[in-house]
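Just passing along the structure, written as structure tokens.
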Amino acid sequence: MTISMTTLEAETGGAPSVDAAPPAPRQGVWHHLLRNRGAVLALSYIALVALLAVAAPLVVKLSGWGPYEFDQAAIDPNLGGLPIGPLGGISAEHWFGVEPGTGRDLFARIVYGARTSMLIALAATTLTTLLGVLFGLLAGYHGGKVDQVVSRVMDFLMAFPALIFMIAILSALPASNRAPLLVLVISVFGWPYLARVVRGQTMTLTQREFVEAARASGASGWRIVVLEILPNLRSTIIVMTTLAVPGYIGTEAGLSFLGVGVVPPTPSWGQMIAQSMSWYAVDPMYFLLPGTFLFLLVLSFTVLGDRLKDVVDAGERR
Amino acid sequence: MSALLEVDDLTITFRTAQGPVDVVDQLSFTLEQGASLGIVGESGSGKSMTSLAVMGLLPPTASLRGRVSLDGTDLTNLPESKVRRMRGDRMAMIFQDPLSSLNPYYTVGMQIEEAYRAHRAGVTRRQARKVAIEAMERVHIADASRRVDHYPHQFSGGMRQRVMIAMALSTEPDLLVADEPTTALDVTVQAQILDLLQEVRRETGTALILISHDLAVVSEIAEDVVVMRQGVAVEQAPAERLFSDPQHPYTRALLDAVPRIDDEIGELRGIDSVESAARVGGKP
Amino acid sequence: MVRFLVTRLAGMVGVLFLVVLFTYAIFFALSPDPAVQICGKNCTPELIDQIRTNLGLDRPFYEQFLGFLSGLFVGTTYGTGPNAIDCAAPCLGYSFQTGQPVLEMFEQRFGVSATLAVGAAVLWLLMGVAGGMLAAIKKGTWFDRAATGAALGGVSIPNYVLALVLQYVLVVQLGWLPFPQAVPFAADPGQWFLNFVMPWLVLAFTYASMYQRLTRANVLDTLDENFVRTARAKGLAPRLVWRRHALRPALTPVVTLFGMDFAGLLGGAIIIETVFGLNGVGKMASDSITKNDQPVIMGVTLVAAFLVIVGNVIVDIVYTTIDPRVRIGARA
Amino acid sequence: MTRRVTRRATRPALRAGAFATATVLVLGACSGGGGGSSSTASSTSGLEGEPAEGGVVQVLQNADFSYLDPAKGWDGGVNNFYRLVYRTLTTPASGSAEDPNEIVPDLATDTGTVSDDGLTWTFTLKDGLKFDNGDPITSAEVEFGVSRAWDPEIGIGSPYAKQVIDAPDDYQGPYLSGDLPTIETPDDKTIVFHLKAPFPDFPAVASQPNFAPFPVDSGAGDEFLNDIVASGPYTLDEYTPGSVINLVRNENWDPATDEVRTAKPDGWHFQLGLDPATIDERLLAGQGSDVNAIAGNLQPATLARLQDPRYSDRLVDWPGVCTTYMGLNTTKKPLDDVKVRQAISYAVDKAAVQNGTGGTMLADVASTTIPASVAGHKDFDLYPSEGNTGDVEKAKALLAEAGYADGFEMTLDMRTQPKLQAQAEAVQQSLARVGIEVTFNPIDTSKFYETIGTPKLQNDAAITGWCPDWASSASTVIPPLFDGRRITDKGNSNLGQIDDPAINSAIDDALAITDPAAANEAWGNLDEQVLEQAPIVPLLVEKVVLLPGENVTGVYSSPGVATGGLDYTGVGLKDPSKG
């Protein structure tokens, strides 16, 4: 399930080990990725969604309808506001049909919904990675009391029923600006999964000769961490981060689906699916379209993460 | 009387993304009953693949040409089920890393019993356990009747390798293949294990193939030596002649790389280089 | 073993205490005033004050928190005088909106959630583990490719989307299944099954996909292990190599993950029960969030945390018996 | 004195008019009904026939009732339920009555006698009244029941008893303060109420749920949370909060004493906690016991599936009694300018709001505060536009006059529920046309009323609804919404915060009128007078659209008890052996 943190849990077992040679050069990774059909397709789709998200205002100028514009002519007021025409009102006018009840253009809403999904997922990923790497390094390098404290906090956060708590806390918080809150809440519960791996690998690396050598030569703690340890964690961090992105996209959509996500009228895929629920029998396109976009985005990031992991693992085996 | 093992024109080919690669190329050698053969070569020379080919344990991506016959039976033409019945019974194998080669979830006793019972139909657990304890005693594991119920992680590296040897010997095989049996062990333990191999060979009359990257190790036990490089046997000779009069430049290079061996017991000088070589060549 | 258990239990109690404190503090700070909710449509400021005093809502945070804690063990009484409401131990709180102790609300809805969870767990273990093993055995074949692809899709499709798709196809278009509602097993076993089969499938599908991927990867990794090679070198029958030497190590992580996932199912149940309108604990959680029924949200959060933590402890204990390398007490 | 109310313009019977555009949906029976001229128009072919004795009615419901205790609960849903198990001194007439808005006697022999000064109301109880335990119901039990309204924790239901009946300032209900001295019970059959001020609508107050009798000293604390003492035709057999309510016959209820309740079915089975979509699916399918099922409003998405003729026979469509409106906070700039408020009234696209609410089948566009189905309604539209889509030109002109030709920004308090969200978005879009930029302040549903009812927290505008507490008069519509003297710090319902002396005094005048017809005319005129100031924009009157099971009959609307919805008291089954 896209919301459960166990997705990450399962992946950590397969995180690349640090015992092997230094990470494969970036060029090599790209080279290998671009030779994989799945990875290329995934990258293309992600690029497409990212492009739609960035260029949303331009795109809807092309399609002719904004995400908030009502089109009363596209719905039938006598049938509960059902879109007029087959397939949820798909026409030259409305490429993906319209939303029941309001007649808003689904294409424009999906395009703007991509903004929400991408923005929140990427922001959450960035914050989670920062927190995870920072605390992982801190605990792994310092050990002792620092490690104790960080590890206990991680245990605590991971034992927490994160989804239930996220829903509860978001519903209680003021609704005016949910996006930063969503990012914050997702990150607070997300970082331990990366930090745990970073901590373990840092501990191993700290014992290694080159770190000991650096230490013997009198390098300061942060210098060692940044120059000696961090570069060795690069592939781990990249892989784990890529694998975490689909989780965050799913979580954002899930929370929006449950009504504690972004605030309307800002469109979000999860929210659209939630609203389509009562219409699924008469207007299946209403849930199929945002559902497909969401599914493909999560799938693409999962595929990309998988392939990236394969490439990095293979690089390390060589 | 025919030889125990005849390897004739053995070629092992791997399918890779870059096309087929021959890891062993037209290798031939024979081994008499109770004799011992050393195969020496650096990492990637094909020596381990040769041993796996003898055991019929090549990975599915490898294909094999030539003949490998045990007691006149060509193993390469036998169906897998028949080879399996010989494997562990007529011929047994011990591996480099005794820790990962033992299943951490089961007691060593159980793992030895399992080897024995696989080839002795109708043996009770009690009998098998007795065999296991005896086998452990034979490899000088103290307090075998108690330790038989311990798990692999409760043993030291050398003891684990003794367990592996005990397991291999439990069925009294004609042929024992030892693939880098001492590489993962401490230096002092290495010598003990080599002594043990010598001892059991003398006592049971088992023929032995000893595979190592280390000429010093091979020189202690092997009567004949095959030197392999990039899948090809560059030199094949009785041990004494090989050491005294190496013919091939590569053999000479190998001999030079290892500090001179002054006596048969071996002072095991230059341990550091052996260790680090092992580290590079071995599995991390 | 005793010492291990004592340490684990002490740690568990500590984490639970923190969860309670944390949750309570947050809701104390953020929740709408329950007195206002009780006060109803025609409320006056005086009335609100009166209700606050009666229910002890005007007391400082630590007093209310201690009251809640002691309610867990010895029960508690809300309000004073003739209108006092007793909540017997273990009192998880009292919902003034439904007029029920939270524990009672749990008990009423637990059956539906348990049915959902157990059914889904059986399905996902069957589908995931068997599928993963088969895919690993048949690595590279069309079956492996199909199963791996399906699992990749499975971990990517949000379960509410899957639920809508299935509902549209199976119920609306084909009419094979009824529109799901919780039918008690005792009432009509056939209907019970038909009504639950879709929620089971949807809830199980994502997990099954995850387990399929995990099992397949683990089995493949294990088959590469040296001890499997040893087992083959012993001349063991392939069946025995597989069953004894490959499966057990490969499935150990699956077992531990299963413990955690099963304990954390309450989270998954929220969406499934909401989508299918099943009146279980998850639905109760989402409903009480909509209504901002703070004691119920607190109770659900607590019970969920309790399950996850107990699940962790059980997994640890099971782990020590499955894997001899893990000595008791070695894992903190 | 008995109150007689003139008949409303539109009967809350089945109306087929709204379906005229949906070709398949035109009801076969509309030829006989229509218009509301006939007093029996409330049956259609699918719902014809008298209810037979017996059977169990199934009620499919999403939410549980608020409280089983009538002193606590007070909303359209639970009031309707209370009538099955409780009786009050008076009660709104049955939905099948000639005038369902009328207040009729229930426990009392008439609707009360008022003293000349209007301060004392006397009621006499009927003979043969009993609780479900067989104990007689006397004036003492009625007094006890009413006095519970003063308990600070229990008396959170209808406020009218406390507002109207005189009581000592420190009186806190029977459990804390004992008997209420201002309610006299000279004998077992007579009960006398003393009021703070004359209140001609007192018979309607006596129909409020908290006028149900209870055995003296019962019902403290949580006693009535899960159990009740019934005085109506049914009593509680099983209650699992949030999931099941089972009602069975109260053998001690004597039909001879009750003119309102027919109580034909043997029992009622409420299935609570069902998903709205699930309910609709079950109603559509009508399998098994669902042939005997009734439920609340259909979902908008379901309407599109009713084109099948087998549903149209069962479909029920009534006008509602609750007005959905947008309050404009007159204390905020620039909404303090009447021209700006009028401009907004012109600009709002009510048709879009209607579509967002579910289209023409689920809502009528409103131009007045008092809905057409409530007594006192006057038909007018001060801010007309073509197709109710808003008059952008007029709005722009008014804005320019007010000096806001370029528009302005305002904040709308809203709830994030699909329907309410769609309404808010429709308003946002239509106001954008005249340059008014609306930003949302989304509020959690549970906090919404607290926020908008607290003038300090209230923003510029909010969309909410208002239902009259009784349909016999608009006295519970206009005063709470527009009386400037009723603005309070908390729990305020005058969202416009309009405090106009002319309106205030007109309210006083209308409240004092004892002739119902004259009073209704006054309320209608007052409605128009208020809307000229435009403190609110009436948007819609949401309708009642039901799909009862095919075996259900006796389906009538009750504006007084069920806010225009189905009156439970008349419902029965055609064939009790079915389902």
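Should a chain be cited, it is by its letter among A, B, C and D, assigned in written order, with residues numbered from 1 in that chain.
Please note the rule applied: a contact is a pair of C-beta atoms (placed from the backbone, for glycine too) under 8 Å apart; a residue touches a chain by one contact, two chains touch by 3 or more.
Protein names from UniProt, one per chain: A, C = ABC transporter permease; B = ABC transporter ATP-binding protein; D = ABC transporter substrate-binding protein.
Since we're looking at a predicted model, the values are computed, not measured.
At the far end from chain C (ABC transporter permease), in terms of centres built from Cα atoms, lies B. When every chain is represented by the mean of its C-alpha atoms, the one lying closest to the mean of all protein C-alpha atoms is C.
When C-beta pairs in contact are tallied for each pair of chains, A-C comes out on top.
Here the spacing of chain A (ABC transporter permease) and chain C (ABC transporter permease), counted between their Cα centres, is 23 Å. Separation between the centroids of chain B and chain D, computed from CA atoms only, is 91 Å.
The centroid of the Cα atoms in chain A (ABC transporter permease) and the matching centroid in chain B are 51 Å apart.
In terms of their C-alpha centroids, the spacing between chain A (ABC transporter permease) and chain D amounts to 47 Å. Residues of chain C (ABC transporter permease) in contact with two or more other chains: 290, 292.
Residue positions of chain B in touch with at least two other chains are not found.
Across the assembly, chain A (ABC transporter permease) contributes 171-172, 259, 277, 281 as residues in contact with two or more other chains.
Only residues 68-70, 72, 75-82, 100-103, 171-172, 175-176, 259, 263-265, 275, 277-279, 281-283 of chain A (ABC transporter permease) touch chain D when the two sit together in their complex. Residue ranges of chain C (ABC transporter permease) in contact with chain A (ABC transporter permease), taken from their complex: 15, 18-19, 23, 26-27, 30-31, 152-153, 155-161, 164-165, 167-168, 172, 203, 206-207, 210, 213-214, 217, 253, 257, 260-261, 264, 266-268, 270-271, 274-275, 285-286, 289-290, 292, 297, 300-301, 304-305, 307-309, 312.
Partner chain C (ABC transporter permease) is touched in their complex by these residues of chain A (ABC transporter permease): 1-4, 6-7, 9-10, 13-14, 155-156, 159-165, 167-169, 171-173, 246, 250, 253-254, 257-260, 270, 273-274, 276-277, 280-281, 284, 287-288, 291, 294-295, 298-299, 302-303, 306.
Residues 55, 57, 84-89, 92-93, 95, 97, 100-106, 114-115, 118-119, 151, 153, 164, 167 of chain B are the ones touching chain C (ABC transporter permease) in the complex. Residues of chain D that touch chain C (ABC transporter permease) in their complex: 64, 67, 72, 74-75, 151-154, 156-159, 175-176, 220-222, 225-226, 240-243, 273-275, 277-278, 281-282, 285, 444-447, 449-450, 488-491.
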